[in-house]
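Letters A, B and C mark the chains as written, and numbering starts fresh at 1 in each.
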Amino acid sequence: MGARKISRLLFNIYVAVFLAYMLLPLVIMGGAALNDSRFPSVYPWVGFTDRWFVELWEDGRMWVAFRNTIGVALAVVAMAVPIGTAAAILINSVGGTARSALYGFMIAPILTPGAVIGISTLLFWNKFSVPAGLHLSAIGQTSYIAAFVMLLVLARLQSFDRALEEAALDLGASHAQVVRRILLPHLYPAIGAGAAIAFFQSVENFNTTLFTRGTYDTLTVYVFSRVRSGITPTINALALILVTITIIGALWYEIARRRRQAHFDASAAQARREEEAEALPVAVAAQ
Amino acid sequence: MSELLRRYGAPLTATFAALTAFWLLALVVLPYLYLFENSFRPYLPVVDVGGPKDVYSLDNYLTFFESPIHIKVFFWTIIYSSIVTVLCFAIAYPLAYYLSKVAKSAVVPTLFLLLLIPLWVSEILRSFAWFIILALKGPLNYGLLGLGIIDQPVRWLSGFRSIIIGLVYTYVLFMLFPLYNAIQSLDTNQIEAAEDLGSPWWRTHWRVILPHSKPGIASGAVTVFMLSAGSILVPTLLASTTSRWFTEIIQQWMFESQDWNTGSAYAFLLMLLCTVFVTVMMRVFRVSLADIAK
Amino acid sequence: MSAGVELANVCADFGNFRAVDRVNVTIKAGEFFSFLGPSGCGKTTILRMVSGFIDPSEGEIKIGDQPMQGIRPNKRPTALIFQNLALFPLMPVWENISFGLEVRGVDKKTRRDKAEELLRLVDLPGAADKAISQLSGGQKQRVAIARALAVEPKVMLLDEPLSALDLKLRQHMRAELRAIQKRTNVTFIYITHDQGEALAMSDRVGVMSQGKLQQVAVPQEIYNHPANGFVASFVGENNIFTGQIESMNGSTALFRTNSGTFRASLGPGVTTATSAKLYVRPEQTRLVEAPPPGANSIPVEVTDVAFEGNFINIQARNGDGRTLVVETRNDGSTAVPPPGSRLTVVFDAEHAVILADETAASPGRAA
């Protein structure tokens, strides 16, 4: 049908344009890191250079910010993952109005502007004479990142067969053993994903960090202040590195996913074949 | 509670409850309450805090309502955030439909991956990228000049248009994914049935697909609006003298004036705005809070 | 080592709903006992009370003469086979089987050996390292049984374990389960809604309806001498007649129905005051040309003859338009009447039973 072909073509064009719209700015930003021009640009192209990378490497303040960012991210993971997991397990066993209420409280930080989270965190802990700093940034970020972890784990909990817990209890396991050997292994994919999400969400957080960091830098704050004060393509160099890491991570994930998919299809087919083979002799014997 | 104890025993239940309580109380509820309370107290030097001058009043809020500039900025922030939300929807919807119904299923994960790259690259870099592009001597102007569409470089970084462009780019994906999920869950047979009954494509969308996607639209709209209204990076980087964003005023109070009390009042106004928006969306689209969560 | 289970006046309430109502029964050690009944009759609730996941609202449960009040599931000498088997998907077969030993701190080598030994017992040698997803339905069943046996329970509890299997496999597994029970001599408490299964496998059967035990007896008793109307109609086929008792004479009575007045046996606890019906099994009826004098008889016209392999199922209609079912064996001893023939259905008084609809009070600890 002609109409269908045309609409398909239009869609494909739309997708291509959208992808370009999404990815081209990143290309330009990365490209400026390689251009020997004081002001980050791709045109006019002066010449290939790596001096911006060198400058980046020698930028002590950047390294401090980098270290701080990683530290905060690890702290956030260390807090958000246990909290989110515990909250998911808890809310899963609660019903009725209590569940809706708890759920509402847990989701609220996600729907709250980062600035508000940052300011309220700053004010609240200031009351206990806790000064602003990276620890406050970690706490502020955890308030909403834990919710992401909770959602992931809660979703995974839905596919958990409660009978497994009962079977383990019935066989004599203690509660701790049940959680450790039966429940948590089932949740590991969600917990792993949650940890990854927590880490990256923390690294890229800006709004909350801005208000809670005190005098400390994180990467996002550092980039922000550099852009405001006087940019050179060193920022682009940093951007290019981060984009490249992201792309490599994406490729690795895609390859792993494809391999896992192929393996899954193969073993499912195998199980089906074996099941059919088993049924035959029984059918014969029962005659 | 008894269900939990039965399932996990007392010590584990206590652990779960303690962690959850710490999160919800110390990290969420109490700080917000304190923000609210603080917004009614005057900005005082440390020695006077708790003393006779420390009375509750609406002064901080009056500062806002008596300042025509601040009211105007608040107003524009709402308007432009709404525009950004609508634009994001307009751009994302066709793509969401394509990904969930038209594209071959083998291609979809790869496409998603490509789309996720800008998301993973982080907001600051997304904003920065457009800062470069929209510069007076930037590639956009060069491209347009080169193509002959314009004959003089356009000052993109003026007024609100750069902010809108930046915000749309930065947050459009947050509209795309909820929309995708919502459309995905629609049984394709329904679309085919509508077609079979003679419905033209636009009517099928209007009467079948869009209504079904309401939770996704609400979720995406809430997310984009909240992120836009509360955005600091984009409006600051891509701003000009004629455009101010409400978050910038909050920053002023907090950092330049060090007046945390007025700052918290303004922050609370921002939070109020977002809460009102969420509630309105929930009513209009008749969705619940659970639907909005990813 | 097995133990008996005693339920004394056990009740289970869920809010206002009484799922189990004053159940009294003593299950002997080493017995294969089935609870038989339709869905919702309370048999699953009883199982969960014995295993400890639900506490009885009233009454007491004893296992091996030890009261189980307040003892948690992981401390009871029971092992439960779940309806969906609940095998741990992330562990290989041998780890599943030895899980009960693992939580008791047994070392790895001993556990592995025990798992292999049990795999031989359930006829699955060599499956130790397989993943659960690689097993067929019947194989998973056997792993579940091996897993339960590994903890050497005194009582095995089985929750409709064969309901998910197809027919051939179910019949095969019936024999398997029975054999395993005999070999290990563990007390088996089995619940099912399939009467054929219950009758074929059990030493004794407890028939349940709406939370009450209707009858506890050996399978032949249940079938040949059902205690009331519910048991009679749940187990096996019946021709059922509504009517009134006209007169009683010792153990027999005259029962008047719309199709005639018949001499029949009185079921347990039946008086002229009880609401009762007349039950005649199809295989206890015969089709004859001329009825012997004084016998229970109903003139009919044959409407349908169904050849069911070793039985012939004949449907016939009487003057009032009701359908009767007659069953004869396919051994050539009687001629098969063609549809349309006018014959008479006859049955003996001793094979026709007047039964109360439901037992007024639970049967005592008997039979």
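In this section, a contact is a pair of C-beta atoms (placed from the backbone, for glycine too) under 8 Å apart; a residue touches a chain by one contact, two chains touch by 3 or more.
Only a predicted model underlies this, so the values are computations on that prediction, with no experimental measurement involved.
Participant: Most central chain by CA mean?
Facilitator: It is chain A that sits nearest the middle.
Participant: With centres defined as the mean of C-alpha atoms, identify the chain lying farthest from chain C.
Facilitator: B
Participant: Just give me the whole-number Å value for how far the CA centre of chain B lies from that of chain C.
Facilitator: Distance between chain centres, rounded to whole Å: 62 Å.
Participant: Between chain A and chain C, tell me the centre distance in angstrom, where each centre is the average of that chain's C-alpha atoms.
Facilitator: 54
Participant: How many angstrom lie between the CA centroids of chain A and chain B, rounded to a whole number?
Facilitator: 18
Participant: For chain A, what residues touch not just one other chain but two or more?
Facilitator: Within chain A, residues 174 contact more than one other chain.
Participant: Considering chain B alone, which of its residues make contact with at least two other chains?
Facilitator: Residues of chain B never touch two or more of the other chains.
Participant: Pull out every residue in chain C that's touching 2 or more other chains.
Facilitator: As it turns out, chain C has no residue touching two or more other chains.
Participant: Can you check the complex and tell me which residues of chain B touch chain A?
Facilitator: 1, 3-4, 7-9, 11-12, 15-17, 19-20, 22-24, 27-32, 34-35, 38, 91, 94-95, 98, 102-103, 109-111, 113-118, 120-126, 128-133, 135, 137-139, 142-143, 169, 173, 201, 222, 226-227, 229-233, 236-237, 247, 250-251, 254, 260, 263-264, 267-268, 270-271, 274-275, 278, 289-290, 292-294
Participant: Going by the contact rule at the top, pick out the chain C residues touching chain A in the complex.
Facilitator: Residues 51-53, 72-75, 78-80, 82, 84, 86-88, 90, 99-100, 102-104, 133-139, 147-148, 150-151, 166, 168-169, 171-172.
Participant: Hey, which residues of chain A end up touching chain B in the complex?
Facilitator: 7-8, 11, 14-15, 18-19, 21-23, 25-26, 28-29, 32, 39-43, 82-83, 86-87, 89-91, 93-95, 100, 102-117, 119-124, 127, 139-140, 142-143, 146, 151, 165, 174-176, 178-179, 200, 203-204, 206-207, 210-211, 220, 223-224, 227-228, 235-236, 239, 242-243, 246-247, 249-250, 253-254, 257
Participant: Provide the residue numbers of chain A that touch chain C in the complex, in ascending order.
Facilitator: For this pair, the touching residues of chain A are 161, 163-164, 166-174, 177, 181-182, 185-186, 267-268, 270-271, 274-275, 278-279, 282-283, 285-286.
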